[in-house]
Amino acid sequence: MSLVKISGLRKQYGAHQVLKGIDLTVGEGEVTAVIGRSGSGKSTLLRTINGLESFGAGSLEVDGVHVAVGQTDLRQLRLKVGMVFQQFNLYPHMTAGKNVMLAPTVVKKIGKREAEEIARDMLARVGLADKFDAYPEQLSGGQQQRVAIARALAMSPKILLCDEITSALDPELVNEVLGVVRKLAEDGMTLIMVTHEMRFAREVGDQLLFMHEGRIHERGSPSHLFAAPGTPELANFIGSVG
Amino acid sequence: MAYTFDFSSLWEYRAFFLQGVLGTLVLTVIGTVLGVAVGILGAVARAWQLPVLAQLYAGYVELIRNTPFLVQLFFVFFGLPSLGFRLDAWEAAALAMILNLGAYSTEIIRAGIEAVPNGHLEAAAALAMSRFQIFRHVVLRQALLKIWPALSSQIVIVMLGSSVCSQISAEELTFGANFIQSRNFRAFEVYLLATALYFLLAVALRQSLAWFGRRVVGGGRP
Amino acid sequence: MTDFSTWDIVRNLLMAARWTVLLSVFALVCGGVVGVAVLLMRSSRRRSLRTVAICYIEVFQGTPLLMQLFLLFFGLSLTGVEVSPWTAAGAALTLFTSAYLAEIWRGCVDAIPRGQWEASSSLGLSYVEQMRYVILPQALRIAIAPTVGFSVQVVKATAVTSIIGFVELSKAGAMISNATFAPFTVYGLVGLMYFCMCYPLSLYAKKLERTMNVSR
């Protein structure tokens, strides 16, 4: 069953065409890895799926919620789609626990006690049960990113979007975050990840998208694409990234 | 009884309004030119820590910045005569504005001077330029260019502040408005027009200063 | 006419200075409340609200306070309302303060990284919810230093209200100066008192600014 249906998606910044007609379906429980050079439009594509970027033409449907061109009321969409950012974006004035609890209490109007339970659950799920009362500045980058994942999960999204979530981390912290994501995938979460972690994409991804100049240049299973890239652009990209 | 607005009566007093606008402009120009001069001197004194002058300026700056302009004006006009300085309304108003802007521009320009990268100073010194030459050719223009927006804002603030000079009967716009409304008893309309004129003056002043900053201070370079 | 001692003068000035303080606090508190409303309008997504807020700020920042005071004083009395100098002074200073505070605080809100907006909107929070729980609490911390700095301007601004007869420090100074024929002393003392009120605030604002910059 397709959770995400994108057809003919286009986006333009002034004269520059950022997305030149994207067609994409993502099935439930599927892990989709998106790779490509900077400027290829991969982050923009991700951000249109939860409405952080608007699109000019085409159609977008997420778990039955249809998004029209230029739509401004995106609350329904965002209840279905969670996002984790490269820069974590944790609220510095709140503890980890409060960070996770905020959206459930405010948006879903869940009671404080129940929200706290959910928060503790989520933090335990990412391996940070003991950090409920810690402030972001007291946590390492890897820990902060895991809290960010917990924060997104607390809203029970159908899909989790990950925008280069390990790119801002010191190398030794990358694995603790990828470990959490791997577990989420194993538990059946639908994931769309923009990533530079090629090995991770190959091991965990069900579907690989290579983006080039605003289009999905190649798509297929990761193992297949890495072993035998169909186009010179992908071959070059793999060669340069390793 | 409902008040009926009557703006037509303002037209016959247009000469007084014009005179007032002119008065405000003249005061502002005098205050600005001499005030900025005082400010440049003060900025140098503080940045280079010239003995005596730096301390005097420091005290002067803090005094002006922590007291209302109205009180400074009254002190100059009513208070100084006790020391033997007799000033008429116009002179007192101008002096108060010069002193006021001088203090603020000292700090603003000083920030500009201190922001000039050390590398520039070293390069000039390496070329055997004297301190004064370095200042005149390398530092001053860069400093002024950098802080021009802040300085322009302050000049507009001082222009708007000149409104209280009406209290010592200096013949600027507010004084003119006071005079007119005492004649035609249309206080609200008169002050409304005066306010609009001040607003236009502020806009014009800001544009002129921006132009001046680009052409004269910036040297007309694209 | 009796002879006034310096102490008499100081005492009278101090009593009037209370009104300066009262008016300043009133203006800051009420101006703050109105300022938040203006800030929300200024940052609103709806263009009509933004335009109104921008015009409001432009008018109060682009015209003399004395004119604003006169317009309020004469304008309100036209509607038949009994306007005392205190009412006009309080109202005018409130509006004046609200415009400046709105702009100062807008700068603080703009200083909050975009990522905070993106993360909270991704979680489904509305604009008001974002402001209330995520943005404003952080902006508040940054806003303390410039707000304290602006309070100095408010104290100085109260002097203008003497012109419509509100008896605060400057008005008292004018009256006493006329009675004692000692303008140098009287206005000197008036200046000194304002200085004593403003200088500590200026120093505090500078100190706050330094600690803010260090902690970033």
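For clarity, chains are labelled A, B and C in written order, and residue numbers in each chain start from 1.
The criterion applied here is as follows: a residue touches a chain if its C-beta (ideal position, glycine included) is under 8 Å from a C-beta of that chain, and two chains touch if they have at least 3 such contacts.
Worth saying up front: this structure is predicted, and the values here are computed from it rather than measured.
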| item | value |
| --- | --- |
| Reference chain B; chain at largest CA-centroid distance | A |
| Two chains sharing the most contacts, counting C-beta pairs only | B-C |
| Euclidean distance of C-alpha centroids - chain B vs chain C, Å | 21 |
| Distance between chain centroids, defined by C-alpha means - chain A, chain B (Å) | 55 |
| Distance between chain centroids, defined by C-alpha means - chain A, chain C (Å) | 46 |
| Residues of chain C that touch chain B when the two form their complex | 59, 62-68, 70-71, 74-75, 78-79, 152, 156-160, 162-163, 170, 173-174, 177, 182-184, 187-188, 190-191, 194-195, 198-199, 202 |
| In the complex, chain B residues that touch chain C | 3, 62-63, 65-72, 74-75, 78-83, 156, 160-164, 166-167, 174, 187-188, 191-192, 194-195, 198-199, 202-203 |
| Chain A - residues contacting chain C, complex | 50, 52, 74-75, 78-79, 81-83, 85, 87-93, 102-103, 106-107, 148, 151-152, 155 |
| Residue ranges of chain C in contact with chain A within the complex | 113, 115-116, 118-126, 129, 133-134, 137-138, 141 |
